[in-house]
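Okay, so subunit A shows up in both of these, paired with subunit B first and subunit C after.
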Partner chain A sequence: MSTVTILTMDAPYESANSTTALRIVDAAIRKGHNVNVFAYEGAVSYSVTTQKPHQNPVKGTSVEEERHPNTKDWVAALLSAAEQKGVKLDWVRCGLCEDERGAFEQVPGTRRGSPADFVKQIASSDNVLVIPTK
Partner chain B sequence: MSKYLLIESRDSFEFADVGYFYDLADGLARQGHEVTLFLVQNGVLPARPSARSERLARLSESGVAVLADEFSLQERGIPAASLAKGVRSAGIDRVVDLLAVGSTRAVWH
Partner chain C sequence: MAKILNIVESAYRATIEEQDDTVLWFNHMLANAGADIAVLLRGNAVNYLSKGQEVGDLRFGEAGLGNPPRIAEDVAVLRSKKGVPIYYVLEDATQRGLERSSLIDAGEPVAQADLARFVSGYDRVFHW
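Take a look at the complex of A and B:
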């Protein structure tokens, strides 16, 4: 078992980086690794609980038909998957970043922190992947 | 000899600096390092046989493991069986496996 730290900083729904970051976290948990996530800048919005799925008026589909995925559900599912697998998922949100964005209502099990926590995550990790914005 | 994981998320047709990332992979491999170039998101687009795919073939000949993310290929309708010479499809698990080896140095572009 290894511990991997991933920093992601794209806001959800803007870049494929978000999907890829979540896929890497998912794969690492499935393989039995501990994962640290540092959600920086726009990425603090991954876990905002007030996100809602929407209908698609262009296609004429309902909320149920559209099955629009929200990242807050993915984060909650990853926390649940880690618990079931018996590994640790430490999801830290940059506090100043969420203050700037008013991103206050957050998925339980994630925690507010600072770049100092990212340094601690690095120190406790076997490896680090930083996914920067373009 | 060190292990390097270079993750390319950009399309070389859109971003000219992708070529520099390929240069990095090539240089590291020529110095004897174990290099994996993992193409993801729009980074898989040059993996289609095209004017830009020859560069990937040359990297493979230099000893770079050139992999294209299966999910990104599927999203873009690129069959894994039709990839350019030197490129193989791989799951995102491969990234995790390399990251789990603490000595791997990972760079995202």
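Take a look at the complex of A and C:
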């Protein structure tokens, strides 16, 4: 079992980077690895619990029919998957970044932190991947 | 009414979370509101015409997608049901190995050499 740390920086619903990061987290958990995530800047919004699914007026689908995914549900599902797999998913949110955004209501199981936590995550990891905003 | 050209270059941006392309979605809404629009796909966005796109059963833990994006279908509907002309930059498709036979039958090619003339036919040009 290895430990990998992923720093992700893009806000959800803005680029492919967010789903790429989540896919790597998912794959690592499935393979039985511990995963650290440091959600920096816009990425603190992945796990905001006030996200809501919406209908799609272009396709004429209701909220129920559209089943629009929200990243908060994906984060919660990844935490659950890690628990079931018996590995650790340490999801740290940059505290100052969420203060800037008013992103206070967060998925339980994630935690508020700072770049100092990222330093600790690096120290405990076999490898680190930074996915910055471009 | 002003003739609007939406040049779509940013491609596959948040299409998984949104279950569609937000710029194409915006174009659907503009068309629904009665705007006189056309779409020009350029750069990576020419791939939106590709027949071979498949998202599959993408999951994060146990959470998946409700309705995975079908971008080519969304483009086709924009053309067939909303009457929005769809164009693409021929050389951008060629550079990516996209032959005419691999594309849905919804877009008309525009050569790079003709772009200036083509764009001048519109009152408003928005580059996404």
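Note that the second predicted complex is superposed on the first by the 134 of 134 C-alpha atoms of A that agree within 3 Å, B and C clash if a C-alpha of one lies under 4 Å from a C-alpha of the other, contacts with A are read in each partner's own complex, and residues count from 1 in each chain.
Everything that follows uses one rule, which is that contacts are C-beta pairs under 8 Å (C-beta built on N, C-alpha and C of every residue); 3 or more make two chains touch, one makes a residue touch a chain.
What you see is a predicted model, and the numbers here were worked out from it, not measured in a lab.
When both complexes are overlaid on chain A, the residue A:V4 reaches subunit B alone and has no touch with subunit C. When both complexes are overlaid on chain A, the residue A:L129 reaches subunit B alone and has no touch with subunit C.
Contact with subunit C, but none with subunit B, is seen for A:R67 once the two complexes are overlaid on the shared chain. Of the two partner chains, subunit B is the only one that A:I24 touches; subunit C does not reach it.
In the superposed model, A:V58 makes contact with subunit C only, not with subunit B. Shared-chain residue A:H33: touches subunit B; no touch with subunit C.
Applying the stated contact rule after C-alpha superposition, one finds that A:S80 touches subunit C and leaves subunit B untouched. When the two complexes are overlaid, the chain among subunit B and subunit C that reaches more residues of subunit A is C. Common to the subunit B-facing and subunit C-facing surfaces of subunit A are residues 16, 23.
The residues of subunit A lying in touch with subunit B in their complex are 2, 4, 16-17, 20, 23-24, 27-28, 31, 33, 126-132, 134.
If you check the complex, the residues on subunit B that touch subunit A are 7, 9-10, 40-42, 69, 71-72, 91-93, 95-97, 99-102, 104, 106, 108. Listed in rising order, the residues of subunit A touching subunit C in the complex are 12-16, 18-19, 22-23, 25-26, 29, 53, 56-58, 61, 66-71, 73-74, 76-81.
Within the complex formed with subunit A, the subunit C residues making contact are 12-20, 22, 25, 28-29, 32, 58-67.
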